[in-house]
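This is the structure I want to talk about, given as structure tokens.
Letters are used for the chains, namely A, B, C and D, taken in the order the chains are written, and counting of residues starts over at 1 for each.
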Amino acid sequence: MCPVSDVGYTSDEMMTIAAARELREDEVCFVGIGIPSTAANVARLTHAPNVVLVYESGTIGAKPTRLPLSIGDGELAETADAIVSVPEIFAYWLQAGRIDVGFLGAAQIDPFGNVNTTVVGDYERPTVRLPGGGGAPEIAAAARRVIVVVRQSPRTFVEQLDFLTSVGHPGGPGGRDALGLRGAGPQIVITDLGILRPDPDSLELVLTDLHEGVTVETARAATGWELRVASPTTFTLPPTVEELQTLRALEATKKWAP
Amino acid sequence: MADLTDLRDAVAALVSDGDEVALEGFTHLVPFAAGHEIIRQQRRDLTLTRLTPDVIYDQMIGAGCARRLVFSWGGNPGVGSLHRFRDAVENGWPNRLQLEEHSHAGMATRYVAGASGLPFGTLRGYVGTDLMQHTRTEQITCPFTGEDLTAVPALNPDVAIVHAQNADRRGNVMLWGISGVQKEAVLSAKKVIVTVEEVVDEFMPRPNGVIIPTWVVDAVCIVPNGSHPSYAHGYSERDNAFYEAWDLIARDRERFRCWIDRHIHGTTDFAEYLRSIGGLDVPRV
Amino acid sequence: MADLTDLRDAVAALVSDGDEVALEGFTHLVPFAAGHEIIRQQRRDLTLTRLTPDVIYDQMIGAGCARRLVFSWGGNPGVGSLHRFRDAVENGWPNRLQLEEHSHAGMATRYVAGASGLPFGTLRGYVGTDLMQHTRTEQITCPFTGEDLTAVPALNPDVAIVHAQNADRRGNVMLWGISGVQKEAVLSAKKVIVTVEEVVDEFMPRPNGVIIPTWVVDAVCIVPNGSHPSYAHGYSERDNAFYEAWDLIARDRERFRCWIDRHIHGTTDFAEYLRSIGGLDVPRV
Amino acid sequence: MCPVSDVGYTSDEMMTIAAARELREDEVCFVGIGIPSTAANVARLTHAPNVVLVYESGTIGAKPTRLPLSIGDGELAETADAIVSVPEIFAYWLQAGRIDVGFLGAAQIDPFGNVNTTVVGDYERPTVRLPGGGGAPEIAAAARRVIVVVRQSPRTFVEQLDFLTSVGHPGGPGGRDALGLRGAGPQIVITDLGILRPDPDSLELVLTDLHEGVTVETARAATGWELRVASPTTFTLPPTVEELQTLRALEATKKWAP
């Protein structure tokens, strides 16, 4: 989406690589298609070769050699350790608490990491009908921790969601416990501008990291609420050559997909 | 015992106006041929049930088959929006579409309950989301621990339709690879249609092989490439260019209408349809 | 990731006195080697959980490992009674045995709930039977239809132990053929031991193949014929003569005690045990 | 158990063959090991080649060439149309109402077809601890109809069960409905002496058929309650040559089993 800047990589590449870095070796990661899948595979091909990728289509331990075009790509089935049914993947694997990391995208995200992927506008008469929850509501509830990856803009980073699809930290501390949710919720929100993390006390998202060349002012302007900023902010380590090559090689595989 | 029959006859006999119909297939083995035949036979007022109403339901919604949609994720997988679905929800074209919206986990639990002969299923889900205000869920309390969980009502569609790789000569059905909720959809439904790539003498063991006995299937129809543009593991690859082309076709009402008229109403079956779109190996845009 | 380890070490590390232990396998792939090792290491006060406490639990109960039995059918399959089980229940020998008794459907539902991270499961069952007065079930009402159904509490054993045909070099496990409740037992348990016939480089597709990823298994132990006298589909046949011989061995306390002393305490592992009973191909009586 | 009488077949053979005759072509039959399995396979090899045999081990459409030695015999897996897990066989197949006929045995049976396979004597201190329910309680509840096969004796045919394991027609008419059971319950009880059926009005078991050479007095003497007898009783058609040969050939396969 964003052109390659003079730093030699795009802001989307930075976002994807920052997300990849969040996955640790041997973790079990529930992956959606798009940036989460790309990030998870970058992690698998760089610092976390034994990360276990679980796709909601029921593929466990997939090791795709090209980026899957859909959540049920045959490449996932062919490279998986096991394939199970969709009811099983949600009941025995996600709900049972076997997922370390869940990756979510967002059409809207609020200051407490709650996410909307359902509608813009009124539910009954939406301005934009979005795809809906899919696997996200239960990933947000059950994964030990959640990583949100989303481009930052005032349209997306909103004070008040039009619809709460996937639960973050509603009402701040104690909110998830009160709902009986077992996972810890969003621990990090990675954008094309930087990284936000819940404040340890209030759980409100705070800008903690800025990607190379991004200013606090840019981040504030791209946020629809009064953005809190950590002081000092950290600067994201730019992509390494290995990370960037791995990412670009993966992206190139889309062209030779069927 | 399943009848080995023509898809046209199967849809004519088993799918009626007003039915709840579940065409399942989780980006793999999506039963496009059956969806087209339902459009061709101009079924109306259907409740369309499906976790992922992707391009197949976009076509059926745009063609005016649907009164209601029961679903959990409505997008063009890997591409973007479903424009016909959005047009129906946002603008009521060609008619208003009632929504019954769930999460994947909820839909899966509902099919499992339906397949199990239970009126409801239980899951950890929905709590704290706005979905609860817009769909049918109830709180249920564990009688042993006192913990509150979420109950969802069983799905028991009038007709389930799936595409599979193989049938044998007695009408047993085998599919493999990513199997989604197909077994549960079949076992939750009152009537079942299966389209298959081919009939074989004997099934081979396969990764995640799922066998559906002939006596729970009403009609087996041989439709090679019947899940195009999705794929049948071991038989075909996803026609990704078609999914991308669909984004352009479906964006515009008139272009969509022309496409349906020419390629679905203008053809008599799926083989002719495939020829009309130029076969399997042409660029789509 | 599972450790590839010796069965002796796995039992020593993972099975403790007082644990709830589920050795599963529905007449196929019964994990006898692991049961023997538990006897050999003289574990006590175990809660033994299993749909069909057949000869393996007869041995463990007679050897004094069990304080409690959670089960649904206790017999010598195809032969008759389990004499050690009966002696424990009828006469308290070698110790009294508490029973928690269910039906197969109930036990299966309990494992499914346990594997799903739910505190209970729902079924149509138990109603009108005397089982309800003797075991933990509760009535549960469907919040949508008002229908009354039966709730059973989840099973979450401390340790699940199963026997499978294959592991790969990373410790993934594959079993096939009749798969019983093994997957659910494994996924419901806090710790998991799997004995396998052999380690292979790559899994082949198999009828009803079930793959258990390495990261939900604690220990994988290579024990050829580890389910003898039951069988491992593709590897061995049921030693029916042993099941028949067991009827005579277990009928008499003294004869049973001698058998356990000689063949289990008198051997160091399952290979030696198999030699001590004369190998796999001798008449048993 | 019983010697071959002067009629050229044993009473157990008559019982098994009478049970086999109750299965109809294309029916789906949930089978236990022992006489039910033998009877179901006799039916499959004679008048009902397309009867579908379902075993609780998860084998659907098994067509064993020898009698299985256990409910989980490899022969069942090798000849089945499909193998599924035990949770699935009970939930998706039995509970969902897909089974036409369930076969039950009994240690005790009462006048209303209720069955005990749990204990003789007090539950806590039983005289005889029997195997227990296994699959039977839900077969009795869910199969469209139930066939009970059991040798007739005063010890087995009792006025009052020591334990009710599997529900027949408790309290007579309306009893099953009141419990919400979906199947019709026992429609026939086949013994080594004859056949009993529930009276259409009271649902109490009535002796309707006598096997060759058996008298009403013998049947009464083998029943622990005041046995009602239909008038006139029917005489069971003796085994045909085909039936008897099929049964004996099947029994002979036990010898060449592993």
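To be clear about the criterion, contacts are C-beta pairs under 8 Å (C-beta built on N, C-alpha and C of every residue); 3 or more make two chains touch, one makes a residue touch a chain.
Predicted model, so just to flag it, every value in this text is computed and none were measured.
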### Task
Please give the intersection of the contact partners of chain A with those of chain D.
B, C
### Task
Return the chain pair with more inter-chain C-beta contacts, choosing between A-C and C-D.
C-D
### Message
Centroid of chain B to centroid of chain D, CA atoms only: how many Å?
### Response
41
### Task
Measure off the straight-line distance from the CA centroid of chain C to the CA centroid of chain D, and report it in whole Å.
28
### Task
Return the residues of chain B touching two or more other chains; collapse runs of consecutive numbers into ranges.
112, 117-118, 123-124, 147, 183-184, 207-208
### Message
For chain A, give me the residues that contact two or more of the other chains.
### Response
82, 91, 95, 142, 182
### Query
Which pairs of chains touch one another in this structure?
A-B, A-C, B-C, B-D, C-D
## Note on the structure
chain A contacts chain B in the complex at 33-34, 56-59, 68-74, 76-77, 82-87, 90-91, 94-95, 118, 123, 125-129, 131-138, 141-142, 163-167, 170, 175-176, 179-182, 257-258
### Query
Where on chain C is chain A touching in the complex?
1, 112, 115-118, 172, 183-184, 187, 211-216
### Task
Going by the contact rule at the top, pick out the chain C residues touching chain D in the complex.
26-28, 51-52, 71-75, 77-78, 81-82, 85-86, 89-90, 101-105, 108-109, 111-112, 123-131, 134, 147-148, 177-181, 183-184, 207-208, 210, 231, 233, 237-240, 243
### Summary
Interface with chain C, chain A side, in the complex: residues 26, 28, 50, 52, 60-61, 81-82, 91-92, 95-98, 142, 182
### Task
Quick one: which bits of chain C touch chain B in the complex? Just the residue numbers, please.
117-124, 136, 138-140, 142-145, 147, 149, 151, 153, 176, 204-209
